[in-house]
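Presented sequentially are two complexes of chain A, the first with chain B as partner and the second with chain C.
Entry: the complex of A and B
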């Protein structure tokens, strides 16, 4: 047993020797899913995006020493909370970025509040991060369920898809997604003709899809996420639903999901994203660099958000000349963010980063000219319309 | 190499008189001393996580290693206790000790209900019944309004122990957790070495003979099932306060699998095996987090290696070397 103690102590010392001691340096912790469902849309790509932000900022020339560490939270909130605590307490991490999976993000958010540090979330969807759970050091950068539901719902009704039918994952997240979208649809003049709830996680959607098909609705809203969305789209394609004139609306879907599904299956799907690599020359150039490092795959909006948020943070460090959380947050909220990837944006009092969102439709195989050429732009949703109004969130920071 | 001389160590161990072998006292002493010194060197939150899982794995080991019952649904007790204790601390505003007790009690009741039905079947059917119940608990956790769905219960206050001791400090909480877990481990040790524990082992090794000796086998099985569920609940309730959250991870079936893995790697049917197993698995999850997908692969490799090379688990092999039951 003595030996074990010694061995453990030795192990501990080696592990702690790895933590940096420098005072002027910045340490960025990229915490996300590196082995599970969200590994493609966040994972290593977020580390690459953060590194690109550090390079583009020119940290080395400005005398700011930036180090990036990363870890896998396995989509488990307790693992996320454990790593976040350890990073702050022991490893001298100054800012945590990314963190997909709402439960993990909310857990990190609480640690962050307690430790008085900065949390730049790009990967998670929960509106609570800028609502009831909003914290002084948290910025929710890229998207949230409200923006996605709102963007897709409103734009589709405007485009003439009036009658909606929901396929909803039967748990709190699915319910709230359905509720948000229903509100938008009815406010924009559409109607909800019905909805069906499928068990979570589900594998066989056939009976639900047949109900949706026979409802005669113009559009089937997929109020689910991850594997459920992918499976329901696959099965909808097998039933020939989109080919028969009903549209599918994905309420939480990423370009990596479309990539995995293939255009044959995903064609015609309408979705909202904060970023697409083929928007303009700047995004194309940036994405080119990104995919050179990532074995050819294009960045998702989560990666873009990580880049954009890290860059804004580093600008704040340069401007305030220190690492004081309050000063940095004040600077980041006062000054607009500006970068080639996500364009201009502002950070609202509740920590919501405001920027334009885009409504896309997935191309048919005939329309696509090559790999990753997946989306056509249907509409640009201005920031003010895209996100939940400040006063509706119930964030205690907003007086 | 020495296989001839040691084949029967186990039966020799079980023939030990009721009483505590000296080396067990020494190990418990060293363990306690280590736990007191450890937070000076190691990160307390990590240690608390290891401790919670050590208690959880030991609770499963009580059922699996000494009762011979493989439950594949222990996450149900661990998770439901963590939900109840988180809810009690956050919404009802109970003090931490009451919140933990509430969680533990909930797990005990759940253990009684599930156990009463599950022990009617044996072997793989028993495992499947427990898994099925655990899935029911998972769906309940997913749907019930108070559990917060996939977000779980977040920002649980750690509160003041007995209304006095502020647990917000990791150090203070650490020693409370040490006390709880060490108490739990001693309780398990006591159960194993009581006459009740002797009967359990008899049932494990030869159930028909135990029946023919006049023991009401099902009562014993139910009793050990409830004890195991209660202790698993104690671990879950404590964990909820440590991490200040209760989430679906705690009730998901992979959690049941993980704790079986910890028990097997450490050494099923040994007293200290689950502690070692929990330390190995949690340390891997924690310190290898930077390796990404490799963590799960490493876990798999370690499991395969341990099954192939040392089926008795790490502590089981050590016990064979030193020819003493651990």
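Entry: the complex of A and C
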């Protein structure tokens, strides 16, 4: 009798838990650039990546109802803030993902802190997100300016390019990238001979490039991104800068940029990424599915990060059985992330997602076997070396 | 070695020349706007989109039909200009009796639609368009390394600008055009088909934008936003030069290119706003613009 009651009670609890689970409805907001210079590296691809994560997680079978919404922040912090506020206050969004453009990401980060929600950033680069501006609900997933500077900057100095001149996009991201790279360069024994800040976004970089050329530096560090980087590299080749022996260091180059440049112009560039579609069978299979939905283009590391972060978040929802921010964040920081795209990773106390980074070199047209076959792997940078040490960030969450 | 304003003269000459190159695009684009505004009284906000179309049509001709740059330079203005003729006939011609504002709204709306369509089809990262083989390479001028293509841009732009100015200000056809805008009824009475002349003028203005687009294709990435980035600056150029003044558009186009180039040396952070600061000053001192006539 007693056993029967116990069994019934257990059954009832399971049923209740089951029904509680069935009531869990999650709304994911993908906020990024859908029309401007970063639309190809984030944009609709990030929505597709989030959707693939929901499918692979098997949300429908687990009784979790996931809805994905998206919006265009136009790379403007004020627009991003307004959308984030509306999503949280009126539309019932539980988690915001992606958000490229550091200034916009930092704005969303503050609203997120105020509302006590979760922010899984994949697209932005500023290390402030896990430094002085770190927040209890924020995870910075894919890359940051420290990792880029550390990968590309160090590799270039080691290869003998000692004197640097920076061409910097004049906003939070560019400043952060320049600062981080300067540190790496000087620590590795190089010097910085000058820098120039260009308006964002820009079209004509020839004037800045000529200033870089007359500085006599060994290497021009491009602390910009997207269309700005593409145009800088094109124009450097046009004005004979690369031919005259000065090297270019693209500090943030995505595979979509290499695609736009063409191998003829991009060949030989050294760059740091968190993901490449052709790394192993898993990444190839995943990228194949992604391409099928995106008209043939391959995913960028930002897309990979969105997939990986959404999957980890959904696992946390399943494990904790609810949407409580504190419980979810605790789970995500205690348990390693595991997926076919970015492999294994952990989330640190300051919100930094730790995983290996890769140093690639762009292939020559002769080495490439076809469209999107662009990178050869130079080195794998272990997570602990790739990212800024926990104690150096100045994040108040780390005691 | 002596220095000018703290900069070696070599560097300064280089920057002046670069300013002139950018000024070529400002001049070509503001010229088209000035022609359209001066003769049609329409503020053509789709000018940037039409410039972008010029670059894209050149890319399409090359990619799908194998037509080279030189033919594109001739064909693209005709193709895009023809699309302008269609737009003028179907839409803009219905707005002549209304306030300027309606023309502005219509063309602005068209620009958004055209850009949206191209963005949807081609993405935003841009498409590569190679510099024609005849113009690759560069000249070492001593003070700088001038790519042949950039030199060509300046020459082509000066020739087209001068030709347009000459046609409108110094020929019989230009005189008819100007007369038709002053008093269409009277000119019509002399047996000249005024509506057709106006349509062709719009087509010509659009063709100028497309021509600039083809010139830009090999040096800037061909992407749907290329016109939107430029058009605001070009409007400022037209306002500074004096709305509708052909000569004003040309001279201020080149002049402001140089001013902007110098700003990039002395205060790079300000290079995105310097033209607007000048615009504000000019509007305060001479509201009709440097070359404009007060009505």
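As a convention for this text, the second predicted complex is superposed on the first by the 310 of 399 C-alpha atoms of A that agree within 3 Å, B and C clash if a C-alpha of one lies under 4 Å from a C-alpha of the other, contacts with A are read in each partner's own complex, and residues count from 1 in each chain.
The working rule: a contact is a pair of C-beta atoms (placed from the backbone, for glycine too) under 8 Å apart; a residue touches a chain by one contact, two chains touch by 3 or more.
If you're wondering where the values come from, they're calculated on a predicted model, not measured in any experiment.
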Looking at the overlay, what does A:103 touch: chain B (first), chain C (second), both, or neither?
first
Output check: A:35 vs chain B and chain C. Expected answer is one of first, second, both, neither. What do you get?
both
Touch test for A:371: chain B only (first), chain C only (second), both, or neither?
neither
So in the superposed three-chain picture, is A:256 touching just chain B, just chain C, both, or none of them (first/second/both/neither)?
second
Touched partner set for A:76, first chain B, second chain C, both or neither
first
Looking at A:189, would you say it contacts chain B, chain C, both, or neither? Reply first, second, both or neither.
neither
Once chain A of both complexes is superposed, is A:170 in touch with chain B (first), chain C (second), both, or neither?
both
Considering only touches as defined above, state whether A:211 meets chain B (first), chain C (second), both or neither.
second
Partner chain(s) touched by A:197 [first = chain B, second = chain C, both, neither]
second
Once the complexes are superposed, what residues of chain A are shared between the chain B interface and the chain C interface?
35, 39, 43, 170, 199
Under the touch definition given earlier, write down the residues of chain B that touch chain A in their complex.
26-27, 30-31, 34, 38, 41-43, 45-46, 49, 139, 142-143, 148-152, 154-155, 170, 239, 243-245, 247-250, 285-287, 289-296
State the interface residues of chain C toward chain A in the complex, per the touch definition above.
8, 10-11, 14-15, 18-19, 21-22, 119, 123-128, 131, 138, 144-145, 147, 149-150, 219-221, 223, 225-226, 229-230, 261, 264-265, 268-269, 271-272
Which residues, counting only chain A, touch chain C once they are in their complex?
35-37, 39-41, 43, 170, 196-199, 201-204, 206-208, 210-211, 214, 226-227, 230-231, 234-235, 238-240, 244, 256-257, 259-262, 265, 297
Complex interface listing, chain A residues touching chain B
1-2, 5, 8-9, 12-13, 15, 34-35, 39, 43-44, 69-74, 76-79, 81-83, 85-86, 89-90, 102-103, 106-107, 109-110, 126, 128, 133, 170-173, 199-200
